[in-house]
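Here you go, one structure.
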Amino acid sequence: MDKFGFTLVKGRRIDYDSNDRSIAEYVSAHEPSFRICIECGCCSAACTTGNFTQFSLREIQILLKRGENDGVRDKIKKCMLCGKCTLVCPRGVNTRNVILLIQEAFRKNIKNAV
Amino acid sequence: MGRRVVVIGGGVAGMEAAGQLARRGCNVTVFEKETETGGHVKNWFHLFPDRKDSRDVLRYLGNKINHNNITLFTGIAVEGIRPSNGSFSVFTGDGNEITADAVVVATGFDLFRSEKKEEYGYGIYENVITSADLERMFRKDQIRMHDGSIPGKIGLVHCVGSRDEKAGNLYCSKLCCVTAVKQAMEIAEHLEDAKVFCFYMDMRMGGAMYEELYREAQENYGIGFIRGKVSEVAQNIDNKLIVKVEDTLTGRPLKMEIDLLVLMAGMEMSEGGKKIAQSAGLDTGENRFFKPADLHFASNESNIKGVFYAGTCTMPMNITEAISHARAAAADVMDYLDKQKN
Amino acid sequence: MIEEGKKRVWSDYQKEIPDDHYFYVRSCIRQSFFPGSEQFFLRFMRDILGKDFFENPSHTTCTGIGYHADVVPFQTIQTVVARHFALMKESGYKNIAISCVTSFGIYTEIIETWKHFPQELEKVREFLYKATGREFDVPENMAHTSDIIYKFRDEIAAKAKNLLINKKTGEPLNIVEHIGCHYAKMFPKYGVGGAEFPRVLSGMIEAWGGKVIDYPERRHCCGFGFRQYLVQANRGYSLSNTIKKFSSMQPYKPDMVLTNCPGCTMLMDKWQYTMKEMENVVYGENGESIPVLTYEELAGLVLGYNPWDLGLQYHMVQSEPLLRKLGIEYDPDDKYKTSDGRQMPIPENMINV
Amino acid sequence: MQFDPFVIPFNIGLYFILIYAVVRSVRWFSNLSRPDKLRLQRGFFGSAFGRSLKEIFMESLIHRKILKANFRLGYMHMSLAFGWFLLILFGTIEADIFGTRHLNPPYKAIFFKFFNPDHGRTGFEAVYSFLMDLILAFILSGLILAVIKRFSSKVVGMKKTTKLKLPDKIALTSLWLIFPSRLIAESLTSGVYGTGSFLTGSLGSVLASFLPANQLAYPFWWLYSLSLGTFFLLLPVTRYMHIPTELFLIFARNSGIRTGDQSGAFTEIQTYSCSSCGICIDACQLNFSTGITNIQSAYLMKGIRNNEDVNDIAFNCLMCGRCDRYCPVGIELTPIRMIRRRAESVEPPEKSLWSRYFPDLIKIVNTRSNGHPAFSWLPQIKTEATEVLYYAGCMTHLTPAIKKAMIRILDASGMNYRFLDEAGGVCCGRPLMLAGKDKEARELINFNSGLIRDSGARILVTSCPICYKVFRESYYLEVELMHHTQFIKMLIDEDMLRLRFLRKKVVYHAPCDLGRGSGIYDEPKDVLRHVARLQPTGFDDDDSLCCGGSLGNTRISYRQKNKIAADAASALTKGNPEILATACPLCKKTFTTVTDTRVADIAEIVAEAIAPNPPELKKHVVKELYREPADMI
């Protein structure tokens, strides 16, 4: 509504408790290495897709862990699955399976499935 | 006699130094201000990184200090040291004076008084506790909220009183990160259904097996790690704590309800140590800890010849380091006494 | 909530508030938005308590709003404030009483600047002298007028005609206290009780029989934020802050909000209308909005003053529901009458009538 | 009229299975695509028919491949299959010669002894009986091995054997009972009549000496017939369906039918042709390096047959192709797995008895997709005209030494080239295909195809076998595609690259996608022999191991991959080579972390061997030779 010449700005705050983290839980249950990410960003730095567009697996996984799923839904489709991230990950996260599971969870519309 | 040594403090470093000196034939007097020896370790349940029971360490130290050459005074604090004719007069809180050829200062550390981080509401919100409070709960095997109910969501705040100019401490206490990880895992073990979160600025897991512990906490215990220092804590109408933090990895502020918040209090120069420093003219650093004569090769020596430092009175240390430091102090004392003789 | 813990914090932030002899500086916007407040304060101090409050008619705005809106440079505002100090010096006063939290913040910021950068002080002395020929001293003591009411809260309680109790139920009223950000967040030592758990308003509420509400967003800004509010296109940010704050206090069912800052009072009062219009939300009970009062107005009600003399009718959110709870008698017909009994026009779009 | 009621179960079973086989065959045939139908028709009347008969004899009866791979296991299969075949063949002849009349119904041959108990006392009859006993003994020797294998698979040289379902168990039991019951029935009858040769005769006289053989013989003839009948009746719903199916498969394959990338009748035929022999389990590195024993192709085939959810099985595979290489039936296991990966996991439907005998056609629907548009962000890149186009591939960017070596080689060759993905390229699409996302892969393929086409290049060189395979199979390019090992080989052959001999002991690891995946074995070895001393490893050519780093497997953990890599590396470096050479950036990167031996791509070794100052080369090339590309990592 623009009655007063301005509109309400939506807050940026992550409301952890009211967010839905089913997607992250689904991925974590099927690929436990999802849990051991230390946010170093190697995956994003090596990423073939990230070379051309805003795509960061590091960001995607943290958003899911916080339940900010909407920001991931479309982004996750950009991945080409080339696998460079898997090779550079210092913790040995099975990144390709993480991405496939995220895509699968969105496709299946996972909610409180785990 | 020429081999009279006073050890100030009966914690880890004091006990280890006293034991080493006694075995080398010194006549050692230990003053401990509390009624029992053992320092902070006796308030701790399990120790990182191997989850050893703290009582094992106390037993080891107890054996060390149980020596014919050692006289132990508990419940007596040392107030000052004064050099006199190549030896020292050590003044105690109960008005006595004792002469020593060398002094080992092992006054240890105090935990940061978490009340000073007002925004966390320690002492105001019932369910904000410190890492030391939590260890007591572990010992009782009862992790409970103030009203006696079992907490479902527990947060651990790293760097409380460390790396914080506003709290007066620029330095890193270096052990709080690993303590938090250890405690998070222990909570998860005690309370199966609990969700545990660590709020950290950096994960400083520099010691042996620390990083492995961190990984285990992530992988097998499902501990959540949120990078960002808690900025403020409030309470809502259901008496739940509301924690505000920036999730710096998403670049967005985050709000979370928490049942029990544990503050990982940092390490500070002890009050007793400050008093001695002032009265004896011992140098202290910008961090208020005793300032060793040299950080590289004289970390046990003070600015007064014959007065030595052992353990966490010089900087935050873990038990391993404190024991090593105490042994080095004992070696320095022996060296000094031998030279004095000749 | 452990009250003992709060008392311990308060004991760390004890502020010296002089007993008497103040040089009084007014707020720009309070005089137009809540004209009864300053009027009541001076009358109460001078007539009831017999204190010495001096006002110099040539004192001006502190230019704080301009400063925070980036239109007044720091050196300019320092010189304006220095002029007030000069006026104070010329009148022979050493204690300053400031009615506005923005001004209070400006004064503390400037004085702290001078402490840390004495060369700034010397520069300002030169500016003021060159511009006006005046000289000044830094005040010995600086109090916000809410500090002063806080200091005399027990005297007020002793003279109270109405305590902050719901007359019908006998329960204390739930009162939200809101402290202006610039009161103590920048320099906690200048505020009674510090920045995290300020005591200045909660002390008044408790002394007068009310119950203080500590809600999650208690520390949050009202949303005014100067740049945010003053530029119309930015007001969306401002409003979302206000909504966050009100949603947080709503579960506690507050009977009123007490503030000590002119901007907060204005915003939290008038924006309940905006929120109702834009988002169709009210935060009080029974579809009502929550009255927002200044501490002087509340003190006046406690002392039994006529609500219309205190100027409650000039608020956006009308106070009748609160007055009814307090059991305060009022004449609805007198609401918009001048002191000599002439009828004034009745505003439209009022809330809670 | 020689007839007894006990032959009824056998007759029912036999006629049922014959009719059933015809029905299924007709159904499969009608479901083949038109070109495949034509192929089969042409094959039936052409040389394929003869080839097929030979193959059926060699593989389905003799089990030549299994014999070669594992003699005891092969013998077991051979004795059962070939022995039974001989028993039927010679039984029929026996019935024809010695029976009351010619051209008997089959049961006469099978139960010849019952109807002719007096037969075989003397002369030729006795010799023939001896032959029949010999065949039976041959079968029984295999049967004993089979029974032992069921309980201890190590005896036949197998580490693992497949697990069974209930109908399989019943069928297995009846199969096991067929020959012992025949033995006992014949022996008892022989005992009564004093006939029979060394086996049935001897056993018969022993049994008759203390048992009422006369009364016991008849029930055992019943048991024999019932076992046969049960086995035939259950055959279509058990793994023994592979016996008739394999015949069809051999014909189809010899007629030129291949799996391709679509599911259809041929996929179904192959799926039913799997005998669950378990050789794929033994060949699988996931089995012998990481102990994962429930995802191998035999289980995939079984799962697909039974319409189970095989999603986890399908993705837990390195796609190295070793099982294809060792499968005695020659099933194209990896292509079938690729097809299955494109389908979502499915709920197994409730199955009626009818649907088990006449299952729906296996039609794996391609459902796995990102949704559209996935890659609208693909960059606008303009390619410049060139002769040789070099596409390093994503993985090569993580092994800058290979990139650097290739640039050095390309520079030294003096050819006009462009580095297509110098600033990072778009993925070739194969990783997406391996994940079952063909639609998305097609977007990348189209994009890259455009770039390659625009360059007008004559030769496309890639360093990555993953890219090479997809370029070869799924791109439609008018360019000569070369893996860099082929390219280097060409340069050497054309004398465009002068190399020193390095006197180093090297072993070559053939990358899966280059070797088994694309059939390139010789060029890499030729190049290596040209510059170094190449030694055999015991895992050469199509026996090559997978490095474990495969993008094909999304299920195993990093540590499991590492274990596979470590095992493979230690097997390859047993002879203490100086260099473990490979031709794949992913293999190189995977091996580097697990072995102390130097791991190098062939390109690196070749770059090292480039003669320092070759006088023959043109001047501008010499100048360019030591040019270091500015943006090398």
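All chains are identified by letter, namely A, B, C and D, in their written order; residue positions are counted from 1 within each chain.
To be clear about the criterion, a residue touches a chain if its C-beta (ideal position, glycine included) is under 8 Å from a C-beta of that chain, and two chains touch if they have at least 3 such contacts.
Predicted, not measured: the structure shown is a model, and the values here were computed from it.
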{"item": "Chain ID, smallest distance between chain and overall C-alpha centroids", "value": "A"}
{"item": "Which of A-B and A-C has more C-beta contact pairs", "value": "A-B"}
{"item": "Chain B-chain D separation of Cα centroids, rounded to whole Å", "value": "64"}
{"item": "Between chain A and chain C, centroid-to-centroid distance (C-alpha), Å", "value": "46"}
{"item": "Approximate Å spacing (C-alpha centroids) for the pair chain A, chain D", "value": "38"}
{"item": "Where chain A touches two or more other chains, by residue", "value": "33"}
{"item": "Residue ranges of chain A touching chain D (in the complex, touch as defined)", "value": "33, 46, 48-49, 51-53, 77-78, 80-84, 86-89, 92-94, 96-97, 100, 103, 107"}
{"item": "Chain A contact footprint on chain B (complex, rising order)", "value": "203, 215, 218-219, 222, 224, 227, 247, 249-250, 252-257"}
{"item": "Touching residues (chain side chain C, partner chain A) in the complex", "value": "232-237, 239-240, 243-244, 274, 277-279"}
{"item": "In the complex, chain A residues that touch chain B", "value": "12-17, 28, 32-33, 35-39, 58-59, 62-63, 65-66, 68, 91"}
{"item": "Touch list for chain A against partner chain C, complex", "value": "1, 3-11"}
